[in-house]
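Shared chain: subunit A. Partners: subunit B in the first complex, subunit C in the second.
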Partner chain A sequence: MKRIFAVALGVLTAIGGFVDIGDLVTNAVVGSRFGLSLAWVVIVGVVGICLFANMSGRVGAVSGRATFEIIRERLGPRVGLANLGASFFINLMTLTAEIGGIALALQLITGVDPALFGPLAAFAVWVIVWRAKFSQLENAVGILGLSLIVFVVAVFLLGPDWGDLARQAVMPTVPASEQPATYWYYAIALFGAAMTPYEVFFFSSGAIEEGWKRKDLGQERLNVFVGFPLGGVLSIAIAASAAIVLLPQAIAVTSLSQVVLPVVQAGGTIAFCFLVVGMLAAFFGAALETTLSSGYTIAQYFGWSWGKFRRPAQAARFHVVMIVGLVLAVGILATGVDPILITEYSVVFSAVALPLTYLPILIVANDPDYMGADVNGRLANALGLVYLVIILVASLAAIPLMIITGAGA
Partner chain B sequence: MIALGGCSSPSNQIDDALDQAHSAVASAASAAELADGNGLPVSSARASASDALAELQDAESAVSELVPPDTDEQREALAAIRTGIDALLTLQQALAAGGDLGSAREQLAAADEELRS
Partner chain C sequence: MTKSPTVRAGRLIDANLHLLDRQVLDPENMPVATVDDVELDDVLWNTPLPPGTPAPVVTALLSGPVLATRIFGGRPPESRWHRIAWTHVVEIGTAIRIGINANELDVSWVERWLRDHVIRRIPGGSHDPE
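Right, the complex of A and B next:
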């Protein structure tokens, strides 16, 4: 019974922890402008993150080595440092977006200026990272994040034309009001939102934090291959709710307050309550994960002592890096920059930087020196190579498309 | 973003600003309707109004700064956007006062109509 509970908890946490502000905003923007014609990208992204997370979790569990330790060892210190710089920058953008998202969600509840909530949210993240156990923080935010299932319920309550939604998803076309370049720009943004690098740093480092061994790989696979696809269903439901309510009114999502409208239209105040709890949990959870990831990447690269399983005094530099990350995020938000804009850029830059972390993991997952008998199988390698091509194309096309489309304007 | 979008023609930039303004007014109208007894808390409606106003002000400054200035198209677009701004200010006042949203909703509907035409 205890074993079943642990498995169920892992899967539920993976579902609840799948959506962050990048997924929420990007899916809502895409739904309000393109309907479900980009739903196929969510599926491609979910398969990709399953593959990527499974490989990195397996590398962590089998080799006992964390992602950035391996990146430095395989690529050398110079290339590894460039990789670290890019990864830390993307991670900082994502952390800033998540802290800003918490502030915006609190504004929806209180009506108070979100600028006041940024420092409070960052302080709360620091306290929890400092005090809470790894499994506690992972499970609590994951379970509360399940409240976002309200998007799925809302889609049913809105009573859409299912045939029309299915046509949009199965026979995707570029709407007449949009340019093909903009369509492909948002395809890359959605892909980047699904395959954010911090999720992999967190997942692989988490495998070591929780002391995973070979025997835990079954649980790891269940979390990834059941939890993440169900999380992908949430992503599609977010886009669908926007497609049903906002697209016909020509409302293009530019703020979090617009994301709320379809859900409230479907389910009133109760649905609103579920939604804000889900959003707060999702953004708070992702803020915890990105804060930890900033510490993981730098500490692992420089070979410092790291991890929540150690007392803070035993991993002082790891904790200092996290504090610096939080202070930088609050500083960026204090300039008055729109967190939604940061989110939109962060998912695109995630796609740009993705090959830097994907390629070393793919190489190590095939290296018997690290993995012994647990190297990638044929299917994993075939899929891994297909995704390497997709990731490279998305990475190379992202910046030119950003310039051509005026960042998706 | 402005720099990235700076290559399009003035006419296209006016169209983009009007689309942005229409989207903002429509979302504020939707928020006002939901706040008027349909489940949206006033705090969230206030956030919607504030976000929509920022979008309209952004659209207004984009159209105001166009070169060449003072074309008929620009003047008409600015007038429509400013009608939207007035409607949003009325909505904000009504939400702050906790009173009837009927008048604000009518103004938003009129602004929406003007922005569409």
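Right, the complex of A and C next:
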């Protein structure tokens, strides 16, 4: 039983982090326009996040140093500050999107204007961050988030042409109705959604919050290699459900109600209830993670005291940063901007910022001063280098493709 | 507090590699600051050193506003420097440990100010998470 709960950190980052509003919306948009022809990107992204989350968790557990301390120590204060600015900005966009997502999900069941739910959701996030223990929040949100499995169930209930789906996934082609540039733009968006840097900040800081040591590495591996692939399966199921229902009718996803549509068509009210619970848990979990990540990144860059394992009074600046982050997010939502739109941009900007986060992790994971005997093996380094190339290409191509395609229009 | 062998006299340290941008921890493992710069004794600023000058000695770790000038250039007035005297340093590893409590240092005044004026005034701010 203890073991089951222990995997919860991985499950939380998988559900609340891997499948957050970014993955949900991006996969639904992609499914409704490209079918499963981009499913391979999700697999590439899952392998990448497993590789680097495992590395950063290992660095955290062995050396006791969190990711952003290392980013600054290795890249220097200047590049570190640029990275901090970019990471905080993307993190804030993601936090805004998650809180907006909670409000939109509540609107689906109550019909009440989401503008009213935004501040309420942000306040709930703050209360949890202020008062609740790390392990409690991860267990509760992780287990509730599992009800997103309803997407997998929906795919089976819809009774698709499996041969056709498999063909789309295995032999990807750009659909006749789309430009190749748009195809690659969404490939980068999906990749950014899968590899969002805040997952790594949260995961490495989480390892320190939980007081992980070298002996917990087996556990840490289990979390990564169970949690993230589970998130990947859900992502592909989301794309598949949209491909089955929305693609033939040429419905492009622009709102949360269209994301929900295939599940409702497959399973009716019961499926809808599971889906809303799952979405609320996933968005809420991701809102907690991004709130904490905004505190983690800034506190670690400047060397302030941080962590939920301390009383708020022992990490004052950390808590002030998180409060400011939540207030900013509510302020952005109050302008009436569409959270779905913020989500779509945030995943692409995530892709742009990836190299500055992942390069220092790879360097320090090879540093015996930090890691002792637990430095990277050859396989991890070979894969790490391959992924650095992919990440760099995605990062450089993201903005030009955004301009050429008019942000995927 | 006994010093670790990592700070024995005569150990060769690359200030850039082993000091700058490392986390400083106090005896209770509380993060204090990141080393933003170091203060050296007896070095005239902006003057070329004649060959054969003995190596300067690090007298203090600096943190605070000095970070801004390190990134953007310039030099803050000495009165604005927040120092952690080198004598407090007890260990140099992947983090730098000092033998004095964070609360006794000027470096952490912002933390104390926010703690006393903001965080402690919000209900639950002084309690362990439940």
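Observations
Note that in this section the second predicted complex is superposed on the first by the 392 of 409 C-alpha atoms of A that agree within 3 Å, B and C clash if a C-alpha of one lies under 4 Å from a C-alpha of the other, contacts with A are read in each partner's own complex, and residues count from 1 in each chain.
In the analysis below, a residue touches a chain if its C-beta (ideal position, glycine included) is under 8 Å from a C-beta of that chain, and two chains touch if they have at least 3 such contacts.
All values reported here derive from a predicted model rather than from experimental measurement.
By the touch criterion defined above, A:V337 lies against neither subunit B nor subunit C after alignment on the C-alpha atoms of chain A.
Once the two complexes are laid over each other on the shared chain, residue contacts for A:K308 go to subunit C alone; subunit B is not touched.
In the superposition on chain A, no contact is made by A:A115 with either subunit B or subunit C.
In the superposed model, A:R131 lies in contact with subunit C only, and not with subunit B. By the touch criterion defined above, A:G80 reaches subunit C but does not reach subunit B. With both structures placed on the common chain, the touch criterion links A:H319 to subunit C but leaves subunit B unconnected.
Of the two partner chains, neither subunit B nor subunit C is touched by A:V386. When the shared chain is aligned, subunit B comes close enough to touch A:A407, but subunit C does not. Taken together, the two structures place no residue of subunit A in contact with subunit B in one case and with subunit C in the other. Partner subunit C is touched in their complex by these residues of subunit A: 63-65, 69, 72-73, 76-78, 80-81, 130-134, 299, 301-306, 308-309, 311-314, 316-317, 319-320, 369-370. Touching subunit A in their complex are the following residues of subunit B: 1, 4-5, 7-8, 16, 19-20, 22-24, 26-27, 30-31, 34, 38-44, 46-48, 50-51, 55. Those residues of subunit A lying in contact with subunit B across their complex are 104, 107-111, 245-246, 249-252, 254-258, 260-261, 264-265, 267-272, 341, 402-403, 405-407, 409.
Chain contact summary for the complex, subunit C toward subunit A: residues 21-24, 30-36, 63, 67, 70-71, 93-95, 102, 110-112, 114-115, 118-120, 122, 124-130.
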